[in-house]
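Mind having a look at this structure? Questions to follow.
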Amino acid sequence: MRPATALLITALAASALTACSIVKPVDATKARASRGPIAIWYSNNPQEVQWGNQVVKSWNAAHPGEKASGQQIPTGKTSEAVIQASVIAGTEPCLIYNTSPASVPSFQAIGGLVALDQFPGGRQYIEQRSGSQADQYRSPDGKFYQLPWKSNPVMIFYNKKLFTKAGLDPNHPKLASYADFLATAKRVVSTHAARFAIYPAPSSEFFQSWYDFYSMYAAQSGGVQLIKNGKATFDDAAGRGVANFWRQIYADGLAGKETYSGDPFADGVAAMAIVGPWAIASYQGKVGWGLAPVPTSNGQPSNHTFSDAKNVAMYASCTHRETAWDFLKFSTSQDQDGKFLQATGQMPMRTGVVTTYASYFAKNPAYKTFAKLADGVVEVPNVPGSVRIWQTFRDAWSKSVIFADGSVDATLAATAQSIDQLLVKK
Amino acid sequence: MTAVRTEQVHVDEAEPDADANARPVRAPAWRYVLLGIGAIVFLFPFYYMIIGSFAKRSDGSLKGLIPGALGLTLHNYASINAAIDLPRSLLNSLIFTVGVLIGTLFFGTVAGYALARLNFRGRGLVFASMLLLQTVPFQLLIIPIYVLVARNYGLSDSYLGMIAPFAINSTAVFVFRQYFLQLPKELFEAARIDGASEWRVLWSVAVPMVRPALLTGALLTFIGPWNEFLWPFLITKKQDLQPLAVSLSNYITTASSLAHNPFGTILAGACVLAAPAVLLFVVFQRKFVSSNIGSGVKG
Amino acid sequence: MTTADVTAATTADPMAAGAGVDDPLPRNHRRIFGRHPIGMLFVAPYALFIAVLFAYPLGLAVYMSFHRYIFTAPGVGIARPFVGLQNYRDALGDDAVRRSFLNILIFLVINVPLTVVLSLALASALNSKLRGRSFFRTAYYVPYVTASVAVVGVWLFLFNGSGLVNRVLGSLAPSPSWLINSHWAMPSIAGFVTWKQLGFFILLYLAALQNVPKELYESSSVDGATAWQQFRAVTIPGVRHATSLVTLLAVITGANLFTEPYLLTGGGGPNGASASPVLLMYQFGIEQNRPDVAAAIGVVLVLGVLVLAGIQRLLDRG
């Protein structure tokens, strides 16, 4: 027997072992109207876990034959990889309460998502609950592959104690215009009140630009997304303004360029942070914080910022989709949205949040600021290949803004061009 | 006659201090200096790690070098235990590692013996594949393997799925083969003439002669799964199945800022992860002597 | 059975080791499956393991590198056309990818010589009757057996902008600090990996040193050679084989670097100055669902390693 034959036999054995598949694709028509037990995932944020457990328990009490089981998954830079890996293996659950809008196009492209329009009254439910905000979450084919669930409008947090130490007014800080912001930041650092004025993560994950760049771009441009009508929009006055602002901050040493393990604002290393209400839990007891909207170039107040939304999607391996849809509606009812707001302080993407939950905001006036912004939040554009587009942006940002390599304006122009080409290719 | 031969083979197990080939003793001052500096450089981060895990606060100052200067507490250990359930994670690491050890020590020994002492068609091919395997990075294969294990075999969220890609450690097979090659052929001739089957020859004659190899192979094989975090991370979603390396890695990237002393908590987790591996080596290091690894050098 | 026989058996080409293998039948008998067909049974589980969990994924990876390939949910069919060398062009045309190969070269240039020199030096120092010999040996391979995940946290803290190392160095500290400095990022990683792996290589050298015949040292010291001359004339040539093994293993480990860039510089470092090809394979393959380009990078990397190994083999023989 020649080596070739030995190879052939081993190859045949190997292919026999690799061809069979235990996980089979789900019959969509059968699953659509089927009822039965379902599995859901949510993030491992402790408050969300608490709410998630409560929702599952209430549902199970009322629907003993269609029990839901909840599981937390790790969040952070790895959550997209985790979900995508599960989709490919066919082991993802029916609903994931931590679906990033930026991932929806790619999950959709690989056949991992279920269009919610197919459920009777599906589209209306979403449009009625979220109002005009729902439009940002429609996919290019006009359908909804995600339900807009909650947002974390990004604002500036500042440390009142450190501001006092720097000789600034802790209740009326001057942070509205770029010039004012820079002056305040310089004051904080030069008086050694804190080592850095502000410290957004400088690392190159594709989503980091959402906080430093995109929130300010949304404010400055009046609510324009990164991509409009198939073209990149940020190579304009607003985008250049934001990029040059940050370049100045890094050049003057007002922000850190190294990855900081932990939270620099909570540790008092930075006097400000640019983040949403979910972070409040980690500041409890460590920082006495105040809020300000993200700066605009001339200080004009804007009611736009980045949404930092996380949504719910229904996934293709779900075999009991009717139950999943009912559970989804149950968990996003007015009552449950209120419980969520109560537990986490994050804004349900529901019209009229401020009035519907007036009693909550009366008790927690700080959160009202976030709620007022909730109607004007800007989402990442729902286009194919969005992760790659944001990665391209982030790499260019890192090079020219953080590490001052090359002119900001030229880099923005070149990046806009590359992104336009990426859009055409898809 | 046979008694004389077995004695010669046992030379390998002798204590290194009695090794006849060691350099003659000279004024060893420069050796101690060099080794001492080396030891300090090597162990310093671990010293810092242990001190830091008991510290109440962490900053980058020189005070951090003095045990107790920044406060002494067990709170960091309590904190990491609350976050990632240390006993359960340790148990998962153990099950994963022991599974790989069993696979390697059983199937790997048999394969190493066959590659060394038996002549059969396809032997060269298997040996060449084993060498090639060492040069290919796991990340090149990770997605196809993931699809295979999770989708085709439905083994996601299971110990078997975790163990599968690591089931037989090729480096260990290489080491076993080297050891079996060193055994004198008369040993086997004698056993075969006595009518023993190959299986008996392997387990009753060959294996007892290469116990140091088995230990070496086991120790080498232990490091991989114990410290692996990428594969178990991909293949498991349930937190109560994740080994400690994965839980710690997740904790570092996501939840650490919520702790009172985030850095100290991470260090406490790191100490727990490192301790069993280090202890095992310290305990068995007399057996893990250089002459064992040396067999790989000659090939 | 003398020592010479044992040495001969182990230094011979492994493929030809069959010459020394026991054979129950006279040599002129021809066998279809070889003299010990039961060997196939013994090796079957391992062979199957390699075939299914190594050969098949490798084959699929190579296949992917020549097609437009993405992974989909089960049962979803999409077109996967053959695209020739397009993925390779995309990969090698990407600045980040080219930079990552350059980074690995920087890494190898620092790590490999440093590893060889340090491990030989420390192994020589260890190779005598010393008090505390076990302690020293243990000290050197403690980093090797510890998970990178565990140790990276300490290093990040030590080499932070305001960490211990910079405080000790004072004004000599590089600015920006080590891991965010595009000139120092990769060398910092090279230092870390050298430190971590050295224990294993020290053991390899220790073994080789113990096989250098004592008589050579004795005769050269009778001739009046100093310690340094003995080292150059006896030790270094005597451990030639170990040196080539250490070099080869260091090259393979360095080329396949993933964990350290991933953990120490969170995905590529300043300007991609510490990204490694395998890290980019992870990003392309798992984060961006472009396993076809990732596979192309991987194939190029493996070919590069094989070429380096081949060159080293030739130099060794010559």
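Chains here go by letter, A, B and C, matching the order in which they are written, and residues are numbered from 1 within each.
Just so we're on the same page, a contact is a pair of C-beta atoms (placed from the backbone, for glycine too) under 8 Å apart; a residue touches a chain by one contact, two chains touch by 3 or more.
What you are looking at is a predicted structure, and each value in this text was computed from that prediction instead of being measured.
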Farthest chain relative to chain B (centres taken as mean CA coordinates): A
Which of A-B and B-C has more C-beta pairs touching across its chains: B-C
Separation of chain A from chain B, taking each centre as the mean of its C-alpha atoms, in whole Å: 40
Cα-centroid distance, chain B relative to chain C, in whole angstrom: 16
Residue list for chain A, restricted to those that touch at least two other chains: 1, 10, 18, 21, 23, 77, 81, 85, 88-90, 261
Numbers and ranges of chain C residues touching at least 2 other chains: 32-33, 47, 52, 55-56, 71, 74, 153, 157, 160, 162, 286
For chain B, residues that touch 2 or more chains besides their own: 121-122, 124, 143, 147-148, 151, 234, 252, 263, 266
Residue numbers on chain C that touch chain B, as the complex places them: 1, 5-7, 9-11, 14-15, 17-18, 20-24, 32-40, 42-43, 45-47, 49-50, 52-58, 60-61, 71, 74, 121-122, 124-130, 133-151, 153-155, 157-158, 160, 162-164, 166-168, 195, 198-199, 203-204, 206-214, 217-218, 227, 241-242, 245, 252, 255-256, 258-259, 263, 278, 281-282, 285-286, 291, 294-295, 298-299, 301-302, 305-306, 309
Residues on chain B engaged by chain A in the complex (per definition of touch): 121-122, 124-125, 143, 146-148, 150-154, 156-157, 233-234, 237-239, 250, 252-258, 262-263, 266
Residue numbers on chain A that touch chain B, as the complex places them: 1, 3, 6-7, 10, 18-23, 41, 44, 46, 71-78, 81-82, 85-86, 88-91, 261-263, 266, 281-282
Residues of chain A that touch chain C when the two form their complex: 1, 10-11, 13-15, 17-18, 21, 23-26, 77, 80-81, 84-85, 87-90, 106, 109-112, 195, 202-206, 256-259, 261, 316-317, 387-388, 391, 395, 398-399, 402-403, 405
Touching residues (chain side chain C, partner chain A) in the complex: 32-33, 47-48, 51-52, 55-56, 70-76, 78, 96, 153, 156-157, 160-162, 176-177, 179-180, 182, 265-268, 270-272, 283, 286-290
